[in-house]
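What follows is one structure encoded as C-alpha cells, with my remarks underneath.
Note that the chains are named A, B, C, D and E in the order they appear, and that numbering of residues resets to 1 at the start of each chain.
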Amino acid sequence: MSEPLIRMERVSKSYGQVKALAEANLTVGESEIIGLLGDNGAGKSTLIKVLSGAVPLTSGEIFVRGRKVSFKSTSDAIAHGIETIYQDSALVTQLSIVRNLFLGREPLRRPRFLNQMDHAKMERVARDLLKRVGISKDIPPNTPIGSLSGGERQSVAIARAMYFESDLIILDEPTNNLGVAETKGVLSFIRSARDSGHSCIFIAHNIHHVFQVVDRIVVMRRGQVVADDIDPRHTSVDAVERVITGMSEEEEG
Amino acid sequence: MKNRFLQGLLAKAELGPLILLIVEIAVFASLNSDFISILNISNTLAFTVELGLIALAMTLLMTSGEFDLSVGSVFGFSPVLMWTLANSGATSLVVAFFVAILIAALIGLINGWFVTRLKIPSFLVTLGMLLVVRGLALFMTNGFPQRTWSASGAWLPRILAGEFYIGDFRVYASIFWFLGSAIVLGYVLTRTKIGNWIQASGGNPNAARARGVNVNRTKAGLFVLCSVMSALAGTISSIRTSAANPDSGTGYELEVIAMVVIGGTALTGGRGTIVGTVLGVLILRIMRNGIVFVGVPGLAYNIFIGAIILGMMALHSGLERRHNAGA
Amino acid sequence: KTYYWMSSGSPADPVWTYFLAGAEQWAKDTGNTVKTSFYSGDVPSQQEAERAAIAAKADGIATTSPDPGSLVEIAKEAKAANIPMINFNMRDPTAPFLAYVGGDNVVFGQNWAQYLVDHHLVKAGDFVWMPVEVPGATYGVQEAQGASTVFKPLGIKWEITDATLDQADAISRMSDYLTANHRKINAIMGLGDLVTGSIKRVFDQVGIKPGSIPVIGWGNTLDTTQEVLDGYVVAAQWQDPQATSYVALSLAAMAAGGVRPGFNVITGALYDKTKAGYYAKLLSTK
Amino acid sequence: MKNRFLQGLLAKAELGPLILLIVEIAVFASLNSDFISILNISNTLAFTVELGLIALAMTLLMTSGEFDLSVGSVFGFSPVLMWTLANSGATSLVVAFFVAILIAALIGLINGWFVTRLKIPSFLVTLGMLLVVRGLALFMTNGFPQRTWSASGAWLPRILAGEFYIGDFRVYASIFWFLGSAIVLGYVLTRTKIGNWIQASGGNPNAARARGVNVNRTKAGLFVLCSVMSALAGTISSIRTSAANPDSGTGYELEVIAMVVIGGTALTGGRGTIVGTVLGVLILRIMRNGIVFVGVPGLAYNIFIGAIILGMMALHSGLERRHNAGA
Amino acid sequence: MSEPLIRMERVSKSYGQVKALAEANLTVGESEIIGLLGDNGAGKSTLIKVLSGAVPLTSGEIFVRGRKVSFKSTSDAIAHGIETIYQDSALVTQLSIVRNLFLGREPLRRPRFLNQMDHAKMERVARDLLKRVGISKDIPPNTPIGSLSGGERQSVAIARAMYFESDLIILDEPTNNLGVAETKGVLSFIRSARDSGHSCIFIAHNIHHVFQVVDRIVVMRRGQVVADDIDPRHTSVDAVERVITGMSEEEEG
C-alpha cells in the first residue's frame, strides 16, 4: 500500500486536566470521503483542529503523503493543502459575504498598487458560488454576514471550501443548520469533490447524511478512535449508533 | 469602479457625521460672521491636520481592534529628539528627522509586540508606553524646551510644514500630507488585501487566523504606523510653531480617539471609515474653534466642549437609529 | 546628606525647568543628594510623597505649596520629626515652615495691572484677556486676585481662559480666542510662563503686529525675553527661578547643620526692553 | 460555605497580582529599610484607600462591560460643591455633603442613560462628562480653591476621615470605608443575584437580556455607584488633606482603570474580581511610594512608572500562561 | 373550540427591506407539540423571536389564552409563561454552568442580605438536570461554559428549559449539535413536557427528529405559514420535504 494522503499516529491533546484526545490514529486516502462520528465531547473537533493547525498537539505525529509535518498555525496546514470549515463556521460578521469568501487568499489585480483586490473577479466568483450552494439568489454578495440566517452563514462557509479546492477538505458539522435544499447542495458538493480527486473528512451528527455520501466511517469515543473501517454500504444506521454510544464494543460492519 | 468608490464614500456610516458637520458650521457661521473668514479657516486648518494625521492612523488601528494611548507622548517626544540631535551638532537635521521616525517605529513595534505576543490589553501597554516615552522626553532634555533654529532655508522643514499663499489664504504643506494620507489609507482600508485583513483582525481574530491571516503581524504593523504618523505630526507641528516642548501632545490620545469614534469607527473593532474620521476631525476641531467665536466664558470652555460631545452623540445615535429603522 | 526638592508644579511648565536646574546645580556644588519630584497640582499625591520623605528621614525638604493651607499638617509633622522644611515659590503662610524663598503672586498680579494703568495702556471700561495654562492652579488664581484689586475699582473687565500646558494646543486656542476677540481686547496679561512665551507665535499666526496690543506677564524664559526685546511684550516678571531653588536648599542645609534661618527671602523684578538683554543672558547660561 | 469562599479568593485570576505585590514589597524593602516603617505604611494607606474606593466601584462597572472616565472629575467636583455650599452658609456641612452625593448620583445616572438608552460607547459619554464636570467645578468656583474650615469637631468629617491611633500606627477612618466596601462589593459580585447579572451583562448582554435580566438598569446602577463612590472618595480626600481644589482628581481615571485591570478584571467585561482590585490598588500605589524612597530623579519618575507597568504586565502574562499551560 | 394557548394573527416583521415574516398565522394548543419546519431563511427563527419578545413585530397580533398581549422584552414573554431556547443557545461563556442555568431566575436564600443566591440549592438542582439531559457526569456544574463542546452547551440550554417548566417551551434547533445519546435525551424531554401539560414549539432541520415527537407539523416558506396541519402519523418524510422545498404546493397529509 502506498502512503496515504494523511496519517495521524498516536495523537494526544490535553486541555489542562481534560484529555480531549488520547492516542488517536487516523488515515485518509486519496480521493476518499471519511465520515467521522462520535457523541458530544468525543474529541472529533479536537482531532480536526489538530490536523488543521488550529491547536498544537500534546504528543503524536502527523504525516502528509508520508512526510512528517508540524503545523504551527492554520496557514501551515493551508499551505499543505488542508482546508477546514469549522463547526462554528468561522466568519467575520462585520465583513461582507465576498470578503469572507476570499479572506486570507484575496485575488489581486494589476496595477499591484498596495496589493489591491480584484473586486470584479471576487464578485463574479461569489455569485457563482452562492448559486452552487443553493443560497437564494436575491442575497447580494456584499451583504454583511451579520444579517444572514444561521443556515445561510453555513452555506457561505461551504462555498469558500468549494472554491479553494484543496487536497483535503474538512467539514465539521456543515449540515447542522441547513435546510433540505441546502443540505442536498452540501452533500452533492462533497461527492463532486471526491470525483475530482479531493479527499474529505465529514463530521455530522445526522447519521443519515453521513450514510448518503461517505466511503468509510470512523467512530470516536472519549478521545480515541474506536472503529475506523465501517463500510456504510454493508452496515445499518442502528449498528453504527450502537458503536457510537458504546453499547456494543468494537462492532464493525 | 469610480462610481462604486463614490458610492462607498457615502455609505450610511458617514452620513451622521456629515450632517453633524454641516449643522455645526451653519450654527457657528450664523452666530459670528468672522467664523468663516479666510484668516480663521486658515488658522483652524493648521493644527487640525496635525491631529488629523494621527487620527487617520488610529482609524486603521482601531478597526483592527486595538488602540494606542501613547500617540500624544510620541507627538511630543519625536521633535524633541530631532532637535536635540540636530542642535548638539551630532547630525544634520535631515538625519535627525529620520532617526526620530525610526525610534518612533521602534516604539510602535514594542507596543505591537507586547499586545500581540504577550496578549496584554492595548490599554495597559500603551498607557505604560505613554509614561515611558513622556518620561524619556523630559529626562533627555532635562525638561527644557529645545531651540528650534528657524530653518527657513532647509528643504525638509519646507516640505513638512512650509507656508504657501493662495491669494490671501495661507496654507501649510501639512495639509497635503494629511490629504495624501487620507486618500492612501482610505484606499488601503477599503480596496486592498491588507484592508480586508485589518477589518477581519478586528471583527473576529480567530476566524481571521483560521483563514491564514497573520493577525499579529497586521496589528503590529498598525501600531508602527500609528507611532510613525504621530512622530510625523509632532515634527510638523514643532516646525510650524517653532517650539519643541517635551510635554507637548499631552492628552491628544483621548481627543484623537474621540475624533475617530465620532466619525463612525467602532471602538470594538471590525468596522472603520477614513472618510468618517476626516469628518470627525473637522467636527471636533471646528467645535473648539467655534466655541471661542461664539464667546462662551473662558472657564466654561470645557463644559461646552463636553456638553456638545454628548449632544452630538445623542443626535448621532438618533440618526443611526432612523437609518436602521425596523431593525 | 539627602535632601528632597518637591514641586507642586508641572514638569511641562518651562519655568519649572529653571527651578529644577537651580536644584541640580546646588546638588553638584555641595555634593549632597537631592531627590527631585513634580506633582502637577495633585494635592493628595504630593502630601503622600512629602510624608514618604519624612518617613525616609530626609535631612531637609524644600517644597512649594500646591494650595495655600494644604501643607499645614505636613509642616507640623516635619517639625515634629526634626526635619527642616523650607517653602519656596508658592507661599503657604499658615503652615509652620522654617522660611520662605520666592515672590508673592498676589503682588505680582497687582504690579502688572498697575503697570498697565500707569503707562496708560488700559483705561476705565477696557477689557483685559488673561490666558493661563491651568485654570484653577494657585499661581494663576493669586495673580488674578492681585490684578482684580486694581482693575475692579476702575471698572476694567477681564476674562481668564484655559490654554493648557501643551504648547501646540495652547497656541491653537490662543489664536482662536484672539481671532474672535481682537477688536475688543485692550491688553493681555499672561498668567504663566508658557502662555506669555507663546505670544509671538500667536500674534504671527493671527497677523497682529507686535505692540498693537500691549502684553504683560511672566518672563522667566528665553522666549519671553526675546519677545520683550522684539516689542511683543511690554514688560515681564522675573522671579529668579534658579536662585530661588538654590537658596531654598541652602537654607535647608543650613538648618540641618543647626543654624535655623529666621528670615524669608523675597525675589522678583519687573523688566522691560532696556533690561531684557541682561535676563536673557542669565537664562542662556543655565 | 466559608471554605468555598476562601477557595474563591485564591482562584487563579488573583494569583498573578498577589505574586507581583509580594515581589514588589520585597524589592523596595531590601533597597530602603525605612520603606516598611510604621510611619510609611500609615502614610501610604491614607491616599491608597481613597483611590481604592473608586477602583472597587470601577471593578463592578468594568465587569458589566462599561467604564467611566469621569471619576476623576467627580472626585474633584464633589468636595468643591460641598464646601461651596457649606461656606456660603446656605446649608450645614452635613446637608451639603448629601447634596454633593446626590448630584454625583445624578451624574452617574446621566452617564448610564446615555450609554444604555442611546447606545453610545461609554468611552465617549464619560469623556464628555469628564469635561462637563471639570468645567462646572472651575466655573462654579471661578477657579478658586474652596476654604475647608478645619472641621475637627463635626461628626461627619470624623466619620469620613477622622484619625485614629493604634499604638504609633495612625489610621484614617477611610480605611474602614474601603475595607467595608471591598467586603460588601466582593460579596455582591460573587454571591448575589445582582452579581450574577453584572457578570452576565458584561459577558453576553444579549443572552442576559433573553433571560429577562435588565441589563440596562444593571449598568445604569453601576454608573451611579461609580460616581457616588468617586464623590465619597473626593470628599474624604478633601477633608483629610484640607484642600478643595477644582482641579483635583485630574488623570485619576486612567490610574484607577489600570489598577482594576492589573488586578485581573477583564477590560472587555464579563469577568471581574474585587480581591484582584484590592491587590491592583496596592501594587500601583506602593510602586509610587517606593519610587520616592528609592529616589528616582523627578523627571525620570514617569519612565519608571511606565516601565514597571509594562514589566508587571509581561510577568503577569507569563504567570497566566504558565497557569493555563496546555490550552 | 375553546381559546388556544397561543394565537398569532397576521404577524409581519421586516428588517429594513427584508420581509422576514409576511402575515404569518400560528396557533398552539394546550399540551401540544408543534414541529416548525422550513428551509433556511424561511422565517422560523424570526417567528419565534417575535413570540418570545426578542424582537418587536411590525404588524399583527398575538393572543395568549385569548388575551391580547404586547411583548416589549423577553421578560414580558417569560412572565406570560413563554420560555425560549435560542438557536445560538444564548449562554454567557464566562459564567459557569450553574450560573447560566439560573440566570435571571436565581433562587435566593435567607438571610436575604442583598439578595444572596442559594448556591447549595443551585448546585444540587444543576447536577440533577445535567444528568437528565445526559451530559457526562464528570463535568462539574461550576465549569465555565466557554470550555464545553458545542453539543454540551446545547444540553445546558435544554436543561434550563426543563427546570423552568413554562406553559410554552420554544426550542429553536435544539438537536443541531447533539450526538445520538443527547438527542434522545432532548426528544424524551419534549415528550415528558407534553405529558405533564406543557406545550412546545420544536424547530429542527432533521425531519426524522421532528417525526419522532410532534403532534402536528407546521411548514414555513418565505415568511409565511404554508401548511399548518400536517399529521406526522399519516404523512411520509418525503411528502413533508416536498412541502418544505415548495415542489408540491400546499400538499398536506
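The rule is simple: contacts are C-beta pairs under 8 Å (C-beta built on N, C-alpha and C of every residue); 3 or more make two chains touch, one makes a residue touch a chain.
In UniProt terms the chains read A, E = Sugar ABC transporter ATP-binding protein; B, D = ABC transporter permease.
Quantities reported herein were computed from a predicted structural model and do not represent experimental measurements.
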Handout entry: Relative to chain E, chain with the most remote C-alpha centre
Key = C
Problem - Most remote chain, CA-based centroid, reference being chain D - result: A
Problem - Averaged-CA centre spacing for the pair chain E and chain C, given as whole angstrom - result: 72
Exercise for the section: Could you grab the centroid distance between chain A and chain B? Build each centroid from C-alpha atoms only and quote it in angstrom. Expected result: 43
Fill in the blank from the handout: Between the Cα centroids of chain B and chain E the separation in whole angstrom comes to 49
Handout entry: Sequence positions of chain E contacting 2 or more other chains
Key = 15
Handout entry: Touching two or more other chains - residue numbers and ranges from chain C
Key = 11, 20, 135, 160, 162
Exercise for the section: Please list all residues of chain D that touch 2 or more other chains. Expected result: 138, 143, 297, 299, 301
Problem - Complex contacts: residues of chain A adjacent to chain E - result: 15, 18, 38-42, 45, 87-88, 135-136, 147, 149-152, 155, 173, 175-183, 205-208, 241, 244-245
Exercise for the section: Quick one: which bits of chain E touch chain D in the complex? Just the residue numbers, please. Expected result: 52, 54, 73-75, 78, 84, 86, 90-95, 99, 102-106, 108, 114-117, 119
Fill in the blank from the handout: Seen from chain C, its contact residues with chain D in the complex are 2, 5, 7, 11, 20, 33, 35-38, 40-45, 47-49, 51-57, 66-70, 72-73, 134-138, 140-141, 144, 160, 162
Completion exercise
Listed in rising order, chain B residues that touch chain A in their complex are 1, 4, 184, 187-188, 191-194, 196-197, 199-200, 202-204, 206-214, 266, 270-271
Completion exercise
Note: in the complex, chain D contacts chain C through residues 32, 34, 37, 39-40, 43-44, 46-47, 50, 137-138, 141, 143-145, 148, 237, 240-243, 245-248, 250-251, 288-289, 292-293, 295-299, 301
